[in-house]
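Presented sequentially are two complexes of subunit A, the first with subunit B as partner and the second with subunit C.
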Partner chain A sequence: MLQNRHLVFRQQSGSGKTTMLNIIGSLDIPSAGEVTVLNHSIGSLTQKEAANLRKKSLGFIFQSYNLFGVHNVFENIEFPLLLLDYTAAERKKMVMEALEWLGLTDKIRSKPPQLSGGECQRVAIARAMVKKPSLVLADEPTANLDAANSHNILRSMEALNREFKTTFLFATHDDKVISYLRRKIFLDDGRIVNDELTGN
Partner chain B sequence: MKLAIKMAYRNLVGAGLRTWLNVIVLSFSFLVIIWMKGIITGWNHQAKVDMTNWEIGEGQYWQEGYDPHDPFTFTDSHAPVPEEFLGEIERGDMEPSLIAQGTIYPQGRLQSVMIRGIDPKQTIFMLPSYKLDTLVTGAIPSIIGSGMAKNLKVNVGDRVMVQWRDADGTFDASEIFITEIFTVSVPAVDQGQIYLSLDTLRSMLGLEGEATTLTYNNSEVTRPAVEGWVHKSKTELTSAVDELIKVKTAGTSILYIILITLAMLAIFDTQVLSIFRRQKEIGTYIALGYTRRQVVGLFTVEGTMYAVLAALLSAAYGLPFLAWQAKVGWTMPVDASEFGMAIAQTLYPVYSAGLVIGTVLIITTVTALVSYWPSRRIAKMNPTEALRGKIQ
Partner chain C sequence: MIKFLLIGLIRDKSRSRIPVIVVSIGVALTVLMHAYITGFMGDIIEINARVTHGHLKVMTAGYSENMQQMPNDLALTDVSSLTEELRQKYAGVEWSPRIQFAGIADVPDENGETRTQGPAMGLGLDLLDPQSPERERMNLEGSLVRGSMPGKANEVLLIELFSRKLDVNPGDRITFIGSTMYGSMTIHDFTVSGTVSMGQEALDRGMIIADIGDVRIALDMENAAGEILGFFREGFYDDEIAMENAAAFNGADGGNAKDLAPVMKSLSQQGTMGSYVGMTKSWSAMISMVFIIAMSLVLWNAGLLGGMRRYGEVGIRLAMGEDKGHTYRSMIYEAVMIGLAGSVVGTVIGLFLAWLLQKYGIDISGIMQGSALMMPTVIRANINPVDYYLGFIPGLISTVVGTMLSGIGIYKRQTARLFKELEA
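Moving on, here comes the complex of A and B:
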């Protein structure tokens, strides 16, 4: 997979996009064939190795945000850093930076139930990006958002992709989302039927 | 572990009321268990101190035929005080007592009693024996316990007829005059006992220089074995209290088990519900880099932390309560003198560091096990299904 890309798997609902993302994210293993992510063969990773790969190199953005409801915004974004060896001061600095990228500094002590859908997804993006991973996997990230929020979220991700050279991999069937992305891989019944590269 | 504790704390505090309900129930268990164990320890302590002060001193010698549980032995269980002990008796470090059976006739009724002769100048027992030196005309000065006085319906200044048999088996009778009524929590010192001057009783029985028991106040002194007298250590003399405490402890343990079980049920239920309701969260932990084993650890620490928070809460509201109880004691709602054992009307709980630490450790360990039990299920979860929240 190319680095520093903004790419998408496009396929109809219920035909395996999420499964593919889960395999790439080392949350699942392929039943056949081989999947290599960041030089790791997913099928041969132990649970601990897979957890290490996710912890250090992967970020996840979910359709339903999957934020920790009892933690505030700061704590949600800080969580991936707690798993790595950062000091409290370093964590604070990195979380504050992530909050600034996504314009969430005024929501730092808010808890997810107090936020709008768009704000929740921005927190989820901040959580995925705070450790500056090599690859961010986004499963239908705008499915629960209105058009304006979707636009803002996609713009934010595009900016982060350009700034940090992080590869974003989307799974979606939404044409509006696809129009923001540079490489588009079209799947039909599990097979690649088209692979388009547009822009830089 | 540090991270698990941090996350568990955040999760519990964030869960709000659900957490605090469990913590309050568990803290109540902590408090009740410590208080009840403190009461029993206090009772044990009080019973032994009272027995020491009022009945057995630091140990006794019994005339070999004497059996306090068999009144038929009293008539013959007396012997001259051994010469080996005369020095200690002279110094007031050992007190001879003479015991005989008799009958009193309060208000025309008849009641068997044990007549005990003690030295009015003795200092080993807390009995107000100096009152036996009171000058009374035509009657023998006597002191009795408040329980006995209540049963006989007599007061200080009353006269009661007492009958006894002397060493030759001849019946004799005289009036006794109640010079003092004392309050004591040791039934063996009170119920069915009347106290006369040792010299008077010896004279009544014709047993000059004889005694039934010898009580000493220093167990460090090495004493020779004396023929005809059986040594009874304080441990032997208080063994009945130990047995009683053991039985009581076993009885109250059932209450502890019920209390802990109720608290554990609440925690178990919370854990099962948490694992069911927080599937997406579990999946998210794994997606963000936790191993399944770490998530099991997190949920176990979360459950165990209920016990830690409960211990802290117990300390917050329980310490003032326990300290207040240790100061004012717990007064039993019923008359303790009816119980037939060495129990004061007001019991003062005694708490030891071992009791508090032991209780906290036991409850925390049980809580950790109860928390771990349902959490093991997480280890078998498929993270992708957990993320979708589809596990039933």
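Moving on, here comes the complex of A and C:
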């Protein structure tokens, strides 16, 4: 995978989008061929190694946010840092930074049910980004958002990509989303049919 | 991470409060049911203890060998000092001297001639002392059918059926004809103060219930008694303690006692009561086990469902890089916490309910009227030491095992599958 890119898999339903994301995210292994992510061959990773790769280097953003419903914004964003054994002071600093990136400082004690869809997705992005991973996988991240929120979310991710050099990999068939991204890979029935690179 | 898990556990009612409530209810029912079954089965033994056997019985060695014949010529003598000695030695036991006797009940007409007569069993116990627990122990006031309780010397109670058979009413005079402790004939007049129905076939055939003082006079048994019955103050028979007490008494006072030397026998050492006590224990254990297994399955299932319901959350955690083993262990820790909390709360509630049932009981005398069964008229629970930890079997073990089984799914499923379930 190319680093520091903002790229997308564009595809129709059933073309292999989720499978592709799962394999890149080391949640699944390829049945044939080889997939290398951040210099790790996914097929040869043990479960512990795959978990370690996800813990240190990968972030996930889901279509339906998948926040921990009973934990507040701070605790949701803090969770990946707990797995990385940061101290409480370090965690607090990092979470506060992530909240600032996404403009969520006033929502620090709110719980997901008290947030709008756009705010939930921003929390999800902050949670994915707080550990500053090399790669963030986003599966239809704006599917549940209106146009204004989608725009804001995508702008936020674009800014984070530029600031932290984190590669964002989207899976979507939404043209509006695609227009924000620089590299577009088109899949059809599991095969790459086009690979476009636009802008910087 | 522990804080994160604890916060989740405390804030998510469906993960903590509801499972704790379910476990508490299951554990409370288990404890209550076990105490109830133990109490109920024990009550049947209690009836036999109260009427004839006592939890412990002291009698002479000769009397003991021919107990069925009630050989009062082999009765204990100097009973007051022996009773006092027993009271001092065994503080946890109430001691009550009794005399069982047999003879003929003769009902005279207005001329003093025999109108009717019949064979009668007799039971002499302390009826006139207001401090005596014997009236309550035998539930005589509750069994009264006609007339009143004996209030003065030579007043007796007759079994209702027996009084009908003899055509005797409260206030009538009956004459007891029998033999004294020394083998000579005795004739003694009693006045029937009331009639009772014990609700038990064995007792309702024909019995005179008299104050032991009057019986002593009638049978020339001054300061003597056929037997001294001992009853544990806790109210329930404990075979181990009873056997220990009997062994200690007989050991100290000579196991191979001569005819007139006192010996002590536990309830289970008297006649066929031993096999009955054994049967009661095994039935009690079997019924309790069936209930515990049923409760375990319920709580196991609750643990299983609780674990499966969290596949979504597990999916997120795994996606973020949490190790499967760590996730699995954290679920088990949670189950241990829930199981422990539920077991403690449930045990406290169960013990409290069992205590209420032990103290106040449930009066079923209305249902038992006319029954020939030797059944208790008040159902009581009996709290045993085992009730303090019994509930932890379904409460803790089943909940944890249920969670462990559901957690195996985490290992069996591909991570991506969990992820898919999360997205669904």
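Quick note on the criterion: the second predicted complex is superposed on the first by the 200 of 200 C-alpha atoms of A that agree within 3 Å, B and C clash if a C-alpha of one lies under 4 Å from a C-alpha of the other, contacts with A are read in each partner's own complex, and residues count from 1 in each chain.
As a working rule, a residue touches a chain if its C-beta (ideal position, glycine included) is under 8 Å from a C-beta of that chain, and two chains touch if they have at least 3 such contacts.
Keep in mind the model is a prediction, meaning the values are calculated, not measured.
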For this session: Once the two structures are overlaid on subunit A, check if subunit B and subunit C clash or fit side by side.
Result: clash
For this session: Based on the superposed arrangement, let me know which partner A:75 touches: subunit B (first), subunit C (second), both, or neither?
Result: both
For this session: Using the touch definition from the top, say if A:198 reaches subunit B (first), subunit C (second), both or neither.
Result: neither
For this session: Could you tell me if A:55 is touching subunit B, subunit C, both of them or neither one (first, second, both, neither)?
Result: both
For this session: Have a look at where A:87 lands relative to subunit B and subunit C in the superposition and call it first, second, both or neither.
Result: neither
Problem set entry | First (subunit B), second (subunit C), both or neither touched by A:39 | neither
Seminar exercise, completed: Of the stretches 183-191, 201-209, 219-227 or 345-353 listed for subunit B, the one clashing with subunit C is residues 183-191
Exercise. Which subunit A residues are contacted by subunit C in one complex and by subunit B in the other?
Worked result: 18-19, 22, 25, 27-28, 47-48, 51-52, 54-56, 60, 62, 64, 66, 68-71, 75, 79-80, 82-83, 127
Exercise. Can you list the subunit A residues touching subunit B in their complex?
Worked result: 18-19, 22, 25, 27-28, 47-48, 51-52, 54-56, 60, 62, 64, 66, 68-71, 75, 79-80, 82-83, 111, 127
For this session: Quick one: which bits of subunit B touch subunit A in the complex? Just the residue numbers, please.
Result: 3, 6-7, 10-11, 13-16, 280-281, 283-284, 286-294, 382-384, 387
Exercise. Tell me, which parts of subunit A touch subunit C in their complex?
Worked result: 18-19, 22, 25, 27-28, 47-48, 50-56, 58, 60, 62-64, 66, 68-71, 75, 78-80, 82-83, 127, 139
Exercise. Okay, in this complex, where on subunit C does subunit A touch?
Worked result: 1, 4, 7-8, 11-12, 312-313, 315-324, 414-416, 419-420, 422-423
